[in-house]
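Naming follows writing order (A, B, C, D and E), and every chain is counted from residue 1.
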Amino acid sequence: MGILSFLVLIPTITIIAILFTNDKKQARLVSAIGTGIQLVLAGVLVWMYLTERSAGNTAAMLFTQDFMWYPNLNIHYAVGVDGISVAMIALTAVVLFAGIFASWEVEFLNREFFISLILLSGGVFGFFISLDLFTMFLFYELAVIPMYLLIGIWGTGPKEYSAMKLTLMLMGGSALLLVGLLGIYMNSAPAGQPLTFNLLEIAKVTIPIEAQRLFFPLTFVGFGVLGALFPLHTWSPDGHASAPTAVSMLHAGVLMKLGGYGCFRVAMYLMPEAAHEMAWIFIILTTISVVYGAYGAIVQKDLKYINAYSSVSHCGLVIFALLMMNKTSMDGAILQMISHGLMTALFFALIGMIYGRTHTRNIYEMGGLMKVIPFLSVVYVIAGLASLGLPGLSGFVAEMTVFVGAFQHADTFHRVATIIVTTSIVVTAVYILRVVGILLLGPIKNEEFNHFKDAKWFEKLSTITLLVMIAAIGLAPLWLSNMIQHSLIPIIQKLAVTTGI
Amino acid sequence: MNLNSFLLMRHEIVLIAVALIILIAEIFTSDQNKGRIRGLAIILFALNTIIGFFPAETGTLFGGMFTTIPLHIVVKNILNIGTLIVLIQSNAWLKTEENSDKFPEFYVLLISTLVGMFFMISAGDFLMFYLGLELATIPLAALVAYDRFRSQSAEGGIKLILSSAFSSGIMLYGISMIYGMYGSIYFDMLSPAMAMNSLTILAFIFFFAGMAFKISLVPFHLWAADVYEGAPVNVTSYLSVISKGAAVFILTVILFKVFPTISDLWQKVVWVIAVMTMTIGNLFAIRQQNLKRFIAFSSISQAGFFLLGVIGGNEMGMTAIVYYMLVYIFSNLGVFGVIAIISNKSGKENMDDYNGLYHTNPMLSLTMMLALFSLAGIPPVAGFFGKFFLFTAAAQKGFYILVLIATINTIVSLYYYLLIVKAMFINKSETPIPYFKSDFYTKLGLGICIAGLVIVGFASGIWEMIAKLAFGM
Amino acid sequence: MEITVNHLMFGLFAAMIMVFSILTVTTRRILRAATFLLLVLVATAGLYFMLNYQFMAGVQLTLYAGGIVVLIIFSILLTSHISQKFEPVGWKKAYFSALASIAGAILCITTILQHKFQATTEAAKEIDMKLIGNSMLSTDRDGYALPFEVISVLLLAAMIGAIVVAKRKKLKE
Amino acid sequence: MSGFQYAVLIPIIPFLMFLLIGLVGHKMKPALAGLIGTTGLFISTVLSYITAYQYFFVSGKVDGVYQKIIAFNTVWLQLTDKLHIDMGVMIDPISVMMLIVVTTVSLMVHIYSNGYMKGERGFQRFFAFLGLFSFSMLGLVLATNIFQMYIFWELVGVSSFLLISFYYDKPSAVAAGKKAFIVTRFADLGFLIGILLLSYFTQTFDFVTLTSPGCPAIAQAAGVTFMGASVVTIALVLMFMGGAGKSAMFPLHIWLPDAMEGPTPVSALIHAATMVVAGVFLVARLFPIFALTSPDALTIVAYVGGFTSLFAAVIACTQNDIKRVLAYSTISQIGYMMLALGVSGYGGHDGLGFMAGNFHLFTHAMFKALLFLGAGSIIHAVHSNLMTEMGGLRKYLPITHITFLIACLTIAGVPFLSGFFSKDEILTAAYHHDKILFFVEYAVAGLTAFYMFRLYFNVFWGEDRHYHHTPHESPLIMTLPLMFLAFASIFAGYIPFSELVTSDGAAFEAHIEMPIAAASVGIGLLGIFVAWFMYMKPKDAPAKMATMFKHVYKWSYNKFYMDEVYLFVTKKIIFNYISKPVAWFDRHVVDATMNGFAWATNYASYHIRELQSGQLQKYAFVFISGVLVLVLSFVYFFMN
Amino acid sequence: MLNAGIPMEAFLVVSTLMFFAGVYGFLTRRNLITILMSVELILNSVNINFLVFNRFLYPDKLQGHFFSLFIIAIAAAEAAVAIAIIINIYRHFNTINVEDVDKMRY
């Protein structure tokens, strides 16, 4: 059994183990151990990957495994990773690990909570390792559906509404996606050859352009919904606002990345001609998305809404960068996914912790938290700085790569779009500083705040884990960037060859 | 013709034998011992199900009136399994005092409808098909009206029998026209002769309406909700699963075998009907409070999904249908199993009554959730695979828009399935349904469903087997 | 075209069928409706006779006219007053139903009339009771042994069903 | 190798201090943290001086020209095949000069802060931030490529933000920090786009390549025009926008006066001596491109600088808060430097402006830091920023008084003090380049003398005010830096800049043009005299003046309403007219559309329920109609 | 031959009219039993069709003939069960007016 299958197996085993626990303490201990192992495994995977690559293995996907599942339809259980998936897997493991600790003290139905959370993560891991579109789609939906319960049961505010909206919109996206995938499948092989769902196999053929025109938008928008593509992002503010801490973390941190990942791994990779043809539409949409999300965040009062809109903006940047379709911008897109995943997870973790103390998320009802809970506040500031793209933290690396990459297009359209997108960094600064100013700085707003205890050990563990990753990427991005760029080569080649660029 | 050749009909023969044994047993048992008939019936039926799996010959009997091919056997076995689950699930209900005097007839009637379906499946001509159809319907009406203490039961019964008579009348009119045009009632004689003209279209649509009635396709579905609600829960589950599944299969077979030359026509008809069915079924389901009625509409919309397999009119579609039938049996019976238990124990059938169910009856809630997710097509339960393959079948023929409409409808359906999940898991209730212990049969019934839901998708062998048979059809 | 006895007979039966059919579904007295139905069925038997299907005509008279109508009349007696007169049908319902029915009839008839039916070229079979009997129990092509058996199951089931539905409560008080 | 590898340590040490104090500082005694920070910086300073010595006097010149030495360089992030962000250390005259400025002032501030910040909450944090700032600033000046510069540029911005908002429970400090950050961030956007533009056409970030005269990539890029201007010019103007933001050029200057909310040492370090001259440094760094390829851009630099210096000087005359006076003075002086660069040519004596700008940068750093630290000492003594609450302090604060006076004299351009030399070079350069600018600067020189002595007389002379407790001189740890800086202010002017820091690296002969020097000294003295006349003599003179030039005074006092304009743009336009509508749009249009689908479904669901009437006959009616409609439509429409 | 000289279409027209008379009855009659009678009309018209086709077009076999034979038998069975249920309805609702049998709807 290859290492990749363990990524799916361990969550499964963890879930089963949680079923046999008796109380809250055992359940969370088991979860922590399970996710800890998963984290270690992800680390090992990164190490193995780098070793393998440096040993000169140039296969597109490493550690591949392939079992025939449905011979009749040529559906396989096929897994394999390249640098991008490895990075995403590591991201998931980190966020999950931090998420478990951030929800260390879930109030009721603990076992169910952890089970759902780990189930979700299992779906995500499965998605990232899949090479077969069918299993990919299976894991994709598997990752989306536990959200309903997680938000519905453990959420706050209008949780039922939000949970329903989120689930339905995301599943709506997957409805489009399904048609797109079927379309790809039906055109996956020249007449007479067996059809296939295998990503790498399909990439070898050129899907007829008529089919591409039909299925590219479906696939792209299908994934785009999860990637908060304007105007299909509205599940995000409500959903995130209502979700419990760990769920927001995992969802914004990882699940939304499935969208971006799918966009290039499936939609653009397999249908490059259509991608080139239609990119302009989505570039306009994502350009709007980036700026719009940022402006939208400025006036929000609810911490989670602010972060949700900020996610819209940042995730918009991901797709924007993907659509620029050169190595640098796509590298930036993936860096941005990872970076945004980490920092938004950190944000949500912090918001959860702050909310746990103040019992409000309205920024105007808070103030001066820096004095009473310095640890959390400082981390919040750092997260904020990461979000607004401060050098030395991950956000900067990602954004700059995107901007430089996007600017490599010679025509006015791309360039204007890039400049518009670039302005978002100012707007981002505005809303981040606004929040920091109102929330953390200034005089203490409420007498009761003086009784707050600063972060507990598990809260520290959770935030520091994320913080370390953010700083690590921010300070030494080269290895990660190289890993990603190397893996992007086949995709770029496919995108370039087919258009004669 | 020798006795050996009757082995081809063993599914039907064994079933009739089971029915007769139960009938005889009822006559020869005293009132005190009557309860044992329940166990006997289940054991007999289980035996029948097992016998169904023995390898058997295939071939044609009665000059083409009765044909059996491996795929028929598979479908019959699937229906057997479904009926077995229904029987197991209905045990608790039949045990009650009010049914003490007539439950053996329940088995007889149920089994005879199943025999009817089997004959329909194996029918080689319109006459046998029609007889099977009526055999599958008339006793069913009696079953719907079985519960003599509830007026809804009788209402359901009369609605079923009259509308079914009406629809068979219309269908027969269509069949008579087909006979008039092409001179035969045998399928194998008809299909080569079939040609496209106005009267054929008329005849086909009349015929199709009759089948659509049986499958409860919009706009021929209106009886379904009332009947489902009126009937005793277990009969509803039988109606919505076995009866519908069989009918879909037969429709496909007939379209495939009798009307291949006018596939252009019926694909369009099916397209329109499928869209209407999925959409209208969903729209109605959204508003329902009574769970039986809710599931009725849900199964109407599910019928629309079945049509995605029908429309392909090819082996892939056939496989997908049979496969989805199996999945659908486990899913819907899982849901009905829970509804039946709760209805029997507490008499509650409304969605609001389910509020907070998870806190009192976690296992039931989980079963329900899995089954509902399966209906909605959410992985990793079997429904996902079933739906995916149905969509694949339709996509294979290029019906992408239909698939898109179907997937969007899946979302709508997900909405109302989630409403139940929400009621059970999220909503709080002052007076939740109290915890109760389930008896062996209940657990067995639900256990089979859960096992089915979990296993069917991952065990690709099932699909492969069906596919092999369907492609050899 | 010269008018023969056949035409007259057909005209008579056809007129009876049409008139009494309509009366069956429009009369406001229930027993009259039953009677008109009986007359329709009898006239239909006449048509069968004209088609040289004596056996069917006989079956029609005994089973249909004799059996079903009697059953219906019994049930009428059980559930209604003989003299009961229905209220007239609501105009909306009547209007739309009539519209649908007439439209349907026109549609069907025009479609039928414009279709050219192809007759078989094979020689006609002389129908006698022996042939009917043989066919009924034959297991070959155009033999009806299987339907014959199946319908026996059906009738049994229907009988049981009717009993189950109608069975009176037998609870031990 | 170049032998300057140790220079890497110069920025690294403060960074380590930052990490050390930042992570475990709260567990240390404050004094220890202060000591660690100061020591660290001291080492850096020593290294800087060694570097300077080595560079200028030992190894720097090849063929009489100072070379750009890459002491260390590593790829930090590979962007495209050609473009990569490096991290490295580049040693050349201006970076060495900046090293000296930054480490010196920073060290002084470190030492000073040990006294000034004593007992403050967050003492350790303060030193951590100082470390971070020093690191960033040093990284900025040592940058080998434009992107590295941008990175540290941003870091400098954030350190500035952190330090301005140091008193985070004070709303005005928070607001000031926010404002500073956002305004500079906005400016940096221009910088960034400029970088993108330039790098796209030249395919390099590297300073050595970019700034070598006759660089082919630049020449090629200069050929590309967009809307009538060469892309190089556009890029440079955009980059200058970044520089203008950091250096508080009009109209991006508004953050700087507010930034005085930060602790005074911070003002001295960041908002007077080092960070705010980053813009000047940027222009100086890219000077070959400016001068050789894009004189238009350089003209813009000159005029922006010139206008800003006048504008700020006028405002400075009317402010009451001593730190604000100094802040506007800083803006004005930086305007000077910008102007100096703007009027400069390339190479030899043409590069006088370049040399003068850098020279002024250097001297200004010394005396302005001194002024701020002195002001800090005053504030430390009287616990107020307002001039109106000060007076007669010369008795209580002798050392502060003397050093402050030296600084005032220096800035006023009194001969033989350092300010005189540098300012004089600037005026000379301006005079030869553009007479208008010359006269503007000439006026500014007078205004400068006036407002500085207005400040001086108001604070140290005049009557005592009612102090809460008797002001007393600051401890030695604070006065020591004052003295050192005073020393530097006096003698920095004798450094032979024209031999060390020139536009092309080659030394040239700079000499004082007596007429210009005399005129500038004259107007300086006039300014001092007017100040003396107004503030030492009759008490109502300022009020009279104020009423006489009511409107000018009012406008000046209110900083020409620039803040209001900004407030209008940010609050009204962005917040109310963009963000709020966007948020509203999102909720009520986009989201409502999504909800609308749900609503429509529900609506349809409600309205078709009559179909399911419970009436058997209606069902049958639907059934038969369905059949008939299907037949009709298929017979007559679909199958044709 | 008694049918000699009479066109087949005439029979078909008669049966079709009867069919739609039955449909009309089904749609309008209030009494459940009369609805049942309408169903009988419908089935009867189908029988006529089968027999007419058999006689006029395919007299070599007896398919239509037997088909209608079985239809009659089934009609009888159906009527039996229907009447049993109707009587049950009568017990519950005390009426057999179809418009009152609408407890379940929407």
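Here is the rule we go by: a contact is a pair of C-beta atoms (placed from the backbone, for glycine too) under 8 Å apart; a residue touches a chain by one contact, two chains touch by 3 or more.
Bear in mind that the values here come from a model prediction, so they are computed numbers and not experimental data.
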Intersection of contact partners for subunit B and subunit D: A, C, E
Top-ranked pair of chains - ranking by C-beta pairs in contact: C-E
Farthest chain (mean CA position) relative to subunit C: D
Distance-maximising chain from subunit B - centres being C-alpha averages: D
Centre-to-centre distance between subunit E and subunit A (centres being mean Cα positions), rounded to whole Å: 65
Subunit C and subunit E, separation of their C-alpha mean positions in angstrom: 5
Separation of mean Cα positions, subunit C and subunit A [Å, integer]: 69
Distance from subunit D to subunit C - Cα centre to Cα centre, in angstrom: 101
Subunit A, residues touching no fewer than two other chains: 168
Residue numbers of subunit D (touch at least two other chains): 598, 609, 612, 614, 616-617, 620-621, 624-625, 627, 631, 635
Subunit C, residues touching no fewer than two other chains: 93, 96-97, 100-101, 104, 107-108, 111-112, 117-118, 120, 142, 144, 147, 151, 154, 158, 161-163, 165
Pairs of chains satisfying the touch condition: A-B, A-D, B-C, B-D, B-E, C-D, C-E, D-E
Complex contact set, residues of subunit D against subunit E: 609, 612-617, 620-621, 624
Footprint of subunit C on subunit E - complex, ascending: 1-6, 8-14, 16-25, 27-31, 33-34, 36-38, 40-41, 44, 47-48, 51-53, 55-63, 65-66, 68-70, 72-81, 83-88, 90, 96
Complex contact set, residues of subunit A against subunit D: 165, 168-169, 230-235, 237-238, 292, 295-296, 298-300, 309, 326-328, 331, 368, 370-371, 385, 388-392, 396-397, 400-401, 403-405, 407-408, 418-419, 422-423, 425-426, 429-430, 433-434, 437, 440-444, 476-478, 481-482, 485
Partner subunit A, residues of subunit B touching it in the complex: 319, 373, 378-380, 384, 388-389, 391-392, 395-396, 398, 400, 403-404, 407-408, 410-411, 414-415, 418, 421-422, 425-426, 460, 463-464, 467-468
Residues of subunit C defined as touching subunit E within the complex: 1, 4, 6-7, 9-10, 14, 17-18, 21-22, 24-26, 30, 33-34, 37, 40-41, 44, 47-53, 56, 59-60, 63-64, 67-68, 71-72, 75-76, 78-80, 86-87, 89, 93-94, 96-98, 100-102, 104-105, 108-109, 112-113, 117-120, 122-125, 127, 131-132, 135-136, 142, 144, 147, 151, 154-155, 158-159, 161-163, 165-166
